[in-house]
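Chains: A, B and C, in written order; residue numbering restarts at 1 for each.
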């Protein structure tokens, strides 16, 4: 085992926090899990495999991510559902220097105001992490989705 | 990292056992995961957020929990389904003294006798744990459900 | 805690790799997670509980497993779906000598070429693991499925 136990647990906690903050609708706190220089992208598995640059959502810096959350908050139709992320086993790998990579599959369930729950999206997180001043942050999050239908406008992050 | 690795693993194991015993229909053993002074509650996320005292299921002591399981065993219509809990990443936090808190989201799937599986409930466990004579026990389990439709009578625990 | 932390993490990683390689359609690499003497079996929970020898899929040695993957590759109708395994908390127990057992529940989602995702199978992995020359390998994998409907021909492993 090349990676220290403590590092693995810290990565585990970061991924757990990522899903929980989304579920709790704490989107502003969720943004703060990202490094200042960051990228957030949702892409279909098909496009990912073919290296096509077509994203379902793309924020290539943190301000853009903040703007997106701000827009969601302003939109009237926002929050007509509740998210529940169930994230599977996390794989952690060492990158170069203070960089790490993590991946995990997820299932995202959404429940409407009547309490009906449905499978909304399944896929895989591919995260690049950096250590910044003792804190682990997300430098790049690629959400590779198997599920195709994602409303492109006003969707909450996955 | 403030919590020792070993403690985290013990909490992980307790949460794992919680789901597995329910899936295996070992409900009597499942009850024994709870402390003598305990509370088990299923509440909708909406009521939880609004601090409404309306539970979908509530047992505020261990005898009540035992009675509930006993009733399930007596009921003829019991066990017409099989449960499968898929529990996501576990967050562990330190409480006061020998107390810890754990949370994890879950998806509960039910399969009927024809082998049809469906999503039954998604939500989040909020567990208060205590250490009692070297054993970790559940002092309080709040199941915060996103999914509304739960048969109130004769339902197996989530 | 009787098992060393490092061993638990290695088992966790093996189970994670198991699901990820299937999702990535790296079936040949997936086969190499098994020991030379191995058994792979998919069985319904009902038959498992009644000790009935009826499997939905059975490969009782590694060559048989290799053959099965080879057949899948040859079949024209192969890979009309994408798999996404979400595996829950892993329980690790010590066996005799260099043997360990692991269990975890899983949910397997399949997405078709139109990007529609659906729940395909839920159940539980029951794995016997062995240490071979410093590497952890699967000696026996029993997939106990709650979901009944599995196409018996040309199905990818679960």
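Everything below uses one rule, namely that contacts are C-beta pairs under 8 Å (C-beta built on N, C-alpha and C of every residue); 3 or more make two chains touch, one makes a residue touch a chain.
Since this is a predicted model, take the numbers as computed values, not measurements.
Enquirer: Mind checking the rotation angle between the two copies, chain B and chain C? C-alpha superposition, nearest 5 degrees is fine.
Expert: The superposition gives an angle of 120 degrees.
Enquirer: Answer with same or different: of all residue numbers used at the interface between chain A and chain B, are over half used by both copies?
Expert: Result for this pair: different.
Enquirer: Counting in whole Å, what is the centre-to-centre distance of chain A and chain B, each centre being its mean C-alpha position?
Expert: 27
Enquirer: Residues of chain A that touch two or more other chains: which are they?
Expert: Within chain A, residues 5, 86-88, 90, 107, 119 contact more than one other chain.
Enquirer: Quick check: in the complex, which residue numbers of chain B touch chain C?
Expert: Going by the criterion above, the answer is residues 5-6, 9-10, 12-13, 15-17, 19-20, 23, 82, 84-88, 90, 107, 109, 111, 114-119.
Enquirer: Sort out for me which residues of chain C touch chain B in the complex.
Expert: Per the touch definition, chain C meets chain B at residues 1, 5, 8, 44-45, 86-91, 103, 105-107, 119, 121-124, 146-149.
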